[in-house]
Each structure stands twice: as C-alpha cells, then as structure tokens.
Amino acid sequence: MNLAKVVGTVVSSQKEDSLTGLKFLVLELVDERRKATGASVVAADAVGAGVGELVLYAAGSSARQTRVTDKRPVDAVVMAIVDSWEIDGKEIYRKGRDDGELSP
Amino acid sequence: MNLAKVVGTVVSSQKEDSLTGLKFLVLELVDERRKATGASVVAADAVGAGVGELVLYAAGSSARQTRVTDKRPVDAVVMAIVDSWEIDGKEIYRKGRDDGELSP
Amino acid sequence: MNLAKVVGTVVSSQKEDSLTGLKFLVLELVDERRKATGASVVAADAVGAGVGELVLYAAGSSARQTRVTDKRPVDAVVMAIVDSWEIDGKEIYRKGRDDGELSP
Amino acid sequence: MNLAKVVGTVVSSQKEDSLTGLKFLVLELVDERRKATGASVVAADAVGAGVGELVLYAAGSSARQTRVTDKRPVDAVVMAIVDSWEIDGKEIYRKGRDDGELSP
Amino acid sequence: MNLAKVVGTVVSSQKEDSLTGLKFLVLELVDERRKATGASVVAADAVGAGVGELVLYAAGSSARQTRVTDKRPVDAVVMAIVDSWEIDGKEIYRKGRDDGELSP
C-alpha cells in the first residue's frame, strides 16, 4: 500500500456496467515524510474518503478485495482513511491537526 | 487506474485466437493536471472509446474483469470515458469543452 | 500491453518442468512513435514471432491466459504480431514496409 | 521480494472491515548493499516485525498468501524477518550485530 | 521475465510458516547486453541456482506457479538457469564460457 492525499474526483457516465455506483478519487501520492512524490493515481473509494484526507490505497488484484470493488475492472482502491502515522518514533501526521497539509 | 488520452490504434491479424474482435487502443498517459507524462500503453477497448477522448484505464488482472476481456491475455483495458474531473475544487477537464486538448 | 521489437532468444535446459517447449524471446520495448525506450523484457512466444518483428506483449497474470502459457511461471507473453499502427491518423508502422526498423 | 527496514507504523480506524486487527508498517526499501533506495511502502505485518528490523516483503497478489492477509485488500506484506544476507560471499548484514543501521 | 545474475542469499528463521524450506536468492538484474541495470530483487529458487549463475526470474502471481512456491507469499521466482542468449544473431552469453561475468 501507499499513503496518498485525496485531491479530486473523476466523473464518467459511459463506462463498463459493473462500475455503476463507484466513486473515483484522484490521489496524489505522498512519501513517508508526507511530501508529494509527484505521482498520481485514480482509485475507487471503499471507505467514504473526501478531498483533503490522507488515505491508504491498495493496487493490483488486491484492489478488488473490498465489497464495492469485487469482480470489477478496478486496479486501485482507497481502503483506509489514515488517523496518524509515525516514523522513527516521531508523529508525522495526525488527522484533525495536520489535515490535508503536505510537507514542503 | 490512470487518466489517458486515446491517440491511436493497433492492428494485428496474427494473434492468440481469443483476441479476435478486440480493438487495441494506443493511450498517452496524462497526469491529474492533464499534462502528458511521456508514457504510453496499449489497451483493449471495453467502452467504444475513440481517438482524441480522455479515458480511464485499468491494468493488471483487473483488465480482464470486463465482458470483452474476460480470460483473455490482455493487461490493460479502457473501462470508462471521462466526462470531467476536478482537482482541489477546480474543473480540469470537461468533455465537449476541452476535447482532446492537453495542458502544455 | 506494450509494443516491442523481438531482438533475440534465450535458451535454458535447466528449468521448471512446465516450461518445456516454450520459446523465450528477448524484447526491446518501443514507444508509440516506434522509438526504443531502452527497456527490455523476456517473454514467452504464443504466436510464432521471429527476430525483427514488431509485437504486442502482455505482462503479469494476463501472460498466463494463452494456450501455451496456462498455469506456467511466465509473466510476459507475446500474444500478437503487429500489422500496423497509427497515431493521430498517421501510420507509424506497417509490416512489410518498415520491418524491424526503429525510429532514430 | 525486496529487502526493507521497518521505520514506522500507520493507524487507521475508518477502514474496510476485513482489515480489522492488521498492523500496518512503513517500510524504507534498501538495496542489496543495505543502502536506502529512497522508496517507501506500507505493508501488513504477518510476522510480528518491529521498528528498526530488516525484513523481506512480498507485493501484489502474493501479499494475500498469508494467514492474516488472506482475501484482504492488502498489496504488500512483511513475511520474513531477516537474520542475515550475503553478497559475493561477504556478509552484508547480521541481526544483532548490524541492527537497523543502513550503509551510508 | 528478466535476466539476472545470482549474487547472494538471504537467511530468515522468523517467517510465515509456508516459507519453510524455500531458498531466497539475491538477484542483480542485467539488460539484454549483459550489463547490470543497478536494480536488485530477492527471489525464491525453484531450480537449484547458485551464486554467479545467470538466470531468468518471473514476478507477480506467476512466481507462484512452480512446485515449491505454490500458494506461498512469494512474488519472484528463479524458474530457469540460462544456457545462452543471443541478440541480433550475436551470442551475448554462453554458460561455461562467460560464467558470472557482466559487461562493463
């Protein structure tokens, strides 16, 4: 999995039938120090994440192991909203305190 | 998934039998700001996408989770034509208004 | 999938039993303009491709979705020989006319 | 698989139900000479690894082949704590002697 | 698949139970001209490969398609020891003649 910030949404009406009802989020990947890596990905939402939140996403076939993505043509899923993480004993992020801000 | 622009098509007559009838599209990947990343991929078409359209594609085993790609040796599929997307509340693309144009 | 040129072959006698009879091709990847990307991969051959031909290959679990690679430890397969492709309405390659040549 | 050092942990309360009870570790990847590569990944813990330990992790669908990750939306798992490794006959790392230190 | 040179081994006593008995090899990847690419990977051994040998390895779910890796959390496997390979009709490597040496 990787850490990422939800930065946007994608809308599509003409799509594979099984995708109906899925919400597509645009993610900006962040490294373990909460800096943007410059990479982005579009992921299905399995947890009700919103723009600005820091999340975990899973890729590949594992992205189909949630209730909403099962057997669908989806290769990335947001499966957890992050409360906090720490590196070498130091808290890098805490939801509510550091919402949506990335390190420069 | 990733955002991409359909830029071309590939034709092959000598191929694995199960691929008969599939249309292969050449995709130019774009980032969340609609800039070309320089990478390209060839994907099967599951939604009737045409050259110039902005699409979402899925890769890996998830690319086989559509009616036309099921059990076929295909590792990328266009499974949605994008109507619009927005980043940080700003609309980056709207079909009909920004057709096929990429950011410089 | 990606476009590639077949540039060589690999021979191995000491291998997993299920690989007996498979032909391993060395592929040089090309981008959508028929330029070498500098990357290479070794793929099983499912279509009788020869050195010098432009092909499509599939990677990951999709590489096992052909008759010759089913249930084998193979993560890339040549599943189509390319006749031609075009980008933005311009033909970039046609078999017989541009055989094996790459753009400088 | 790749070698990595466990550098932190991620906490999430709002997540896919099947993830309850899993521990998420932040890994810093190291190369075969024990130098940090600059890349990081978040992996589920299947072996009770702690911060500072050198581990092996597996990615993709293989990350679901442990007792704790089976059928869960998890694409990376720590499945072994490294005792030692050697390159060209020279021991690069031994647990207890080189704990947690990386090459400069 | 990719070509690689076996350069070392990894030992782990504390690991997922299903991994017992597997040998982990450290691989240095080489390109089609037998130059090191700078990348490395750890792979399970399915063919009795030794340090110094040039091998083929498969990644992803395909790495589980050997007798010793079936249903195990392993994402890379050495499934063939290379006898020789040629590029554009020129032999780049022959076991016994070019053992273990890489191009500068």
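For reference, chains read A, B, C, D and E in written order, and residue numbers begin at 1 within each chain.
Keep in mind that, in the parts below, contacts are C-beta pairs under 8 Å (C-beta built on N, C-alpha and C of every residue); 3 or more make two chains touch, one makes a residue touch a chain.
Since this is a predicted model, take the numbers as computed values, not measurements.
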Which chains make contact with chain C and with chain E at once? none
If more than half of the interface residue numbers appear on both sides, call it same; otherwise different. Which is it for chain B and chain C? different
In steps of 5 degrees, what rotation angle do you get fitting chain C onto chain D on the CA atoms? 145
Nearest whole angstrom, what separates the Cα centre of chain B from the Cα centre of chain D? 34
Can you compute the centre-to-centre distance for chain A and chain B, using the mean CA position of each chain? Integer Å is fine. 21
Residues of chain D that contact two or more other chains, please. 60-61, 63-64
Please classify the inter-chain touch graph. Allowed labels: line, ring, star, complete, other. ring
Which chains make up the ring, in order, starting at chain A and heading to chain B first? A, B, C, E, D
Applying the document's contact rule, which stretches of chain A touch chain D when the two form their complex? 1-3, 31-32, 46-48, 56, 58-67, 69, 77, 79-89, 92
Where on chain D is chain A touching in the complex? 7-16, 18-19, 24, 26, 28, 40-43, 51, 60-61, 63-64, 71-76
